[in-house]
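Next up: some structures, all given as C-alpha cells.
Both of the next two complexes hold subunit A, though its partner changes from subunit B to subunit C.
Showing the complex of A and B:
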C-alpha cells in the first residue's frame, strides 16, 4: 500500500478521485449521446453510417447559427437546443429517402462508399455555408459557472449532460420496448420481409429510424457545442470515438452503448492519472481486447 | 468473426482506400513564358481557417510583383493543388505538377508531415521546394538539403520566444498539455529545453498528451488541477485549444495556474472565445492592432489596410490580417527575390543563391533567409491576453524579439544534420 501511494499519490486523495470519476462520467455521457444513434441505425438498417459524425457536426453548427439569429435572452439557448436536432433529423430523413434507400440490399461496401461520400459532401457544404472560421457557443447564463463537489469546482453545464443522458437512455428504452412503433422497429431488425408482408410500411419505418438516429447525433452535437469549438473537422474527430464506443458495446445494443461509453470515459479519466504517456491508447486497446474475446461486442448479439 | 466486426474492419480499410484513390483534380491553363510555381496546400476541410488567409496574402504579393513587371521580365504564376492534409496526396500532386504541368518550382504545405514528404520528393527529383506554411524545424535542420527552403519561421523560434518570456515569471513548478504527435512533441521539447536553459530551477511536475483532435479534455483538466503546477504550457492549437479553454474555465484552472499557450493569440482561437478568453494568459501573437507594434513598424498600418481591402474584395468572411497572411505574402516575395538574384529559374542556381542567404524588409520587420539552412528568420512576438472593447479579446503588452537572437546556430544545425545522417 505504501508503495502504491508513493507511486500514485492521488489514491489517498478522495476529492481528486471524486472529481476524476465525475469528469470521466461526463466524458462517457457525451460519448453515449454521440454514439447511440449510430448504434440504432446499424441495429435496424444494418448500415454503418460513417456520416454520423457529420450529422453531429451539423447539429453543432445549427446550434451556433440559431443562437446567433435568436434574440440574446436566456430562453434562446433552450429553443436552439430544441430546434437544432430537429433540423438534423429532417436532413437525415431527406438523405435516407433520396440516397440510402437505394443501397439497403447492395453490398455493404457500396453502403460504406455512399456514407463516406456523405462525409465529404456535408463537410464541403458546411465550409461553403458557414466558412472556415471556428465558432463558439456560450453556455446559458445559469450553467456558465461551477458547483462544488467535495470542495472541488465542477462545471455546472456538465450536470445538464449528466442529467439529460440517462433521460435519453430511459426514453429510448421506453420507446423501443413500450410502444407499438418500437415493437415494429424491433420486428424489422429481425425479419424485414415478414413485417412487410404483414402490411407494415417498412420503408417509412426505416426513414423514421434513420431520422431518429440523426436526431440523436444532432442532439449530441448541439449539447456539446458550448463545450467545444464548432469547427470543421469535428466530424472526423468524433467519428472515431463513436466507432470505438459502438464496437465495444456491440453494434445495435443501447445498453451496450451506454455501458461502453461509461467504461471508455472512466478508462480515459483514470488512464490519464495512471499512465499519462499512453492513456490515449487505452480505449483502442479495450476495443482490440473486446474484438478478440467477443467480436460482437459486450452486449451485441453474434450473427449466425 | 461476426458480420459486425467484419464491417467495422472493412470500413476502416475502405476509408484508407478512398483517401488513396482521390487524385488531383483540374488542370490549370499553361501560361506562356510565366515562371510557374506549383503550390500544394490544404484547401478543403479543417485547415482552411489558416490556408485561406495565407492564400490571400500570397495572391496579393503575386499581384504586386507582377504589376511591378514580374521577375526577370516574366510573370509569376502559382498553380494551386489541394493536398487534403495527406502526405501521399501531396506527393502525388507534386509529381503531377512537375511532370505534367512542368512547373519551375514547388511551394506550399501547412501540415508538417506534408512538408517533409514534398521535401523528400523534391530532393529526389532535384526540384527546388519552398515550404511556405508548415513549421516543423526538421524541414531545414535534421532533414534539410539544398532543394528545400523554409520561408516562414519554424517551431523552434516561437517556442523559444515564448520560453524566454516564461523564464521571467516567478514560477518553478510546471506542467503541460500538448497534442501527441510530431508537432506537439517538437514544440514542447523546444519550449521546455530552452526554459530549463534560461531558468535551471524549473521542474516538470506533470504532463498531458491528449490525442490530436481530442474534443473532451475534462480528465486532463482535473489532473492538471491536482498536479500542484504553478504554471502550465499548452501546445494545443485551433479548435482543440478553444475546446480546452472552454472546458477548463469553469474548473477554475486558469485562476489556479499561469496559462502559457503557444498559439492562443491567433485570432482563429481568440475571436471565437470572445468573453470566454483566458485573460492573463501569456502567448505568441501577430498583434497588428497594437500601438507599440505599429510604432515600431511604421509601414505596417498601410499594409494592414491594403490587405483588408484585398481580402474583402475576395469575399473573405473575416478579412482581418492573420499571421498566415503575412507568411503567404512574404513567401511570394522571398521566392521572387531568390529567382531575381539567381537571374535564372534553374533550381541549382536558385539554391546556390539561397545558400548564400539574404535579408528582406517587410512591413512587420526584417526577414532573414539564412544561408546555412535556407531557413527564414522573422521577428517573434509574445504578449498577454487582455479583454478589449465589447468583449473582444486582444493580445497586449507585446514584446518583440528577432528570431536571430533565439535560433540555433549554423554549427548546431550542422550537428543535427550529422546526427541524422549517422542514424540513417
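Showing the complex of A and C:
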C-alpha cells in the first residue's frame, strides 16, 4: 500500500530544484492519466467509481498476458499496449450496461457500495485468472536503456510514460472541445435531462463515457506495467491516488483534475525532499483542507 | 417491543450457554461476531439513526485497537486499564476529526471521513518505531484469567452487552430522537431549536467511542494489531454488515454481523480466495434486490401481517 515509491518509481530525491520540479511534473502528469477517467465518469454519471483502480489493474494484467501470448518481436509490445486498454474499455462497458445502469437513480451510497463490490469481484477474478504470483513486463528494446537528463540517469521507458500523459491530456481536450461527442459529454455534465429531451440517447452516451473512462484507467495500467511489479493490490494504490486527485480538483472537472494532479505531483516530489517521513500524508492533508474550505474541489461546482 | 425483548433475552441465554456445547473454534467465531456486531451498531448510530455515512470508520476501530495494544505493551499498563482507556482515545480522535467532518454533508462527509482515516492509516504505516509499521504489534494478549478462548468470550459478551444497552438507551433517549429528526429534515430540526452540528458531533464521538471498544476487544482477542485495521477496505465492513442486516432497525446490524461472519466462515473454510467474490456478489444482490437488507425482508412481512390483522 506504499504510495509514492511503487506507483512512481522514477521519482527523484535530488538537491537540484530543477530536477525535483521535473520529477514532480512527471508524477503529476501520470497522476492525471490515472485519475482523469474517474473524474470524467463522475462528471457525466455522478458515480464515484471506486473500481477505477481495479480497471487499472486489469489493464496491467492484460498487458502482461498479451505480451506473453504475442510473438516476441518489437512490434508486439505496441500491439499489446493498444489492445489491453481496449479490453478494459469493453469490460467497463459491459459492467455499465449490466449493473451501473440500474442504480443511477438510487442513493449515492448504494452506488458507492456497488462499485466497492466490483473491487472485490474484479480482485478475485484477477487472482483466479492470473494466479497469486507477481508478473513482470519487459520494456521494449528501444526503450530498455537510460538517458541522462540534467546529469541524472533516467530510464528511457519513463520518457514514454511521461511523454504520453501530456499527449493524452491534449487529446482529451481536443475530444471534449472539438468534437460533437465531446460537446454532448460536456452537455451531459451540465444537464442530463435537457440533453435527453433534445433527443440524444443519454443511456448510450453513459455507456460510452464509462467505457472511455475505463479505457483511460486501462491505458494507465498497461503503460505502468513495465515499470512496476504487476501484482494484486495495485488497485488500491491507484484508487486512493486517483480519488485524492479527483476530489482536490473537483469531481467532474477536466481542468481541475489536471491542476490538482500537477499540484499533488509537486507536493509528493518536494515532500520526499523536505519531509521524508511524512510525505505520503501530504496529499491526504491537502485533500482534507480542500474539503473543509471548498468541498466541491478547486474547479468543481457546488451541488444544489 | 416486548417481543423483541423476549427474543433478545433468548439470544443472550443461547449466547451464554453456547460455549459449553461448542469447540474453541466456534467460540472464537462467536467472539468475532460480537465484535463485528458492536462495530456495525456503533456505525449505524451514525448511518441509520443520524443519516451520516462515514467511509472512514476503520479509523476509530484502529485507534481503539492500537491504543489498547500500545498502552498494554509499550506503556505496560495493566490490560484492563489499557482496555478502558482505548475507547477514550478513539472518542478523542472522533472528536478531532468529527469537528471538521460534520460540517459537510452527504458525499463530502463520506470523503472527508475517508481522507482522515487514510491519514491515520499512513501514520500507523509509517511510524514504525511506535506502531511496528507493516509488521504491526504482536503478542498483545490479555492476562492469564482471560487467556482462554471461553473466558475471553464471556468477557467480550459482558463488554459488548453493556455497550448494546448503552447504545439502545442512546437511541431511545431525547438525544436519539433529535438525531432522527436531523436525519429526516435537518432544516426543520434546526427551526425547532435543535443544535444540528452539536448533535451530529456528539453522535460522531459516541460512534467513535463504541467503534474503539470494538477495536480494543478485537486487539486482545486477535493478540496483534495491524495497519490494515485502518485501511479503507476495513471501513466498508460495518457498512456491509449494516446493509445486510438493514439500517432501519437497532438490531439489524446484530443480525447482519451474524450472517456476515457465518458466511465468511463457511466460504473461507471451503475456498478462502472466493470469499471477496461472494461478498461482492451478495452486495450486488442486496443493492439491486433487497435494499432494506435481510432483516428488512422479515420486517416488511411482519408489518404487512400487522396491517392485515389491523383491518380485521
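Here, the second predicted complex is superposed on the first by the 289 of 304 C-alpha atoms of A that agree within 3 Å, B and C clash if a C-alpha of one lies under 4 Å from a C-alpha of the other, contacts with A are read in each partner's own complex, and residues count from 1 in each chain.
Keep this in mind: contacts are C-beta pairs under 8 Å (C-beta built on N, C-alpha and C of every residue); 3 or more make two chains touch, one makes a residue touch a chain.
Note that the structure is a prediction, hence the values are computed from the model and not measured.
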Overlay on subunit A: subunit C relative to subunit B, clash or fit: clash
Subunit B versus subunit C as contact partner of A:136, first or second or both or neither: first
Partner chain in contact with A:269 - subunit B first, subunit C second, else both or neither: first
Partner chain(s) touched by A:187 [first = subunit B, second = subunit C, both, neither]: neither
Contacts of A:110 with subunit B and subunit C, given as first, second, both or neither: second
Which of subunit B and subunit C A:94 touches, first, second, both or neither: neither
First (subunit B), second (subunit C), both or neither touched by A:232: first
Touching partner for A:102 - first (subunit B), second (subunit C), both, neither: second
Subunit B versus subunit C as contact partner of A:159, first or second or both or neither: neither
Contacts of A:83 with subunit B and subunit C, given as first, second, both or neither: neither
Region of subunit B that runs into subunit C when the structures are aligned on their shared chain, from 45-53, 63-71 or 99-107: 99-107
Doubly contacted subunit A residues - partners subunit C and subunit B: 48, 108-109, 112-113, 116, 123-124, 127, 236, 243, 247, 277, 280, 291, 295-296
Interface residues, subunit C side, partner subunit A - complex: 53, 55, 100, 103-104, 106-108, 110-112, 114-116, 118-119, 121-123, 125-126, 227, 231-233, 236, 239-240, 243, 273-274, 276-277, 279-281, 283-284, 287-288, 291
Of all residues in subunit A, those that touch subunit B in their complex: 10, 13, 16, 19-20, 23-24, 26-27, 30, 42, 48, 50, 108-109, 112-113, 116, 123-124, 127, 131-136, 138, 144-146, 152-158, 224, 226-229, 231-234, 236-238, 241, 243, 247, 250-252, 268-270, 272-273, 276-277, 279-280, 291, 295-297, 300, 302-303
Residue numbers on subunit A that touch subunit C, as the complex places them: 1, 3, 48, 99, 102-103, 106, 108-110, 112-114, 116-121, 123-125, 127-128, 236, 240, 243-244, 247, 277-278, 280-281, 284-285, 287-288, 291-292, 295-296
Subunit B - residues contacting subunit A, complex: 1-5, 7-8, 10-11, 14-15, 18, 44-46, 48-49, 52, 180, 206-211, 213-216, 218-223, 225-226, 238-240, 242-243, 246-247, 250-252, 268-269, 271-276, 317-318
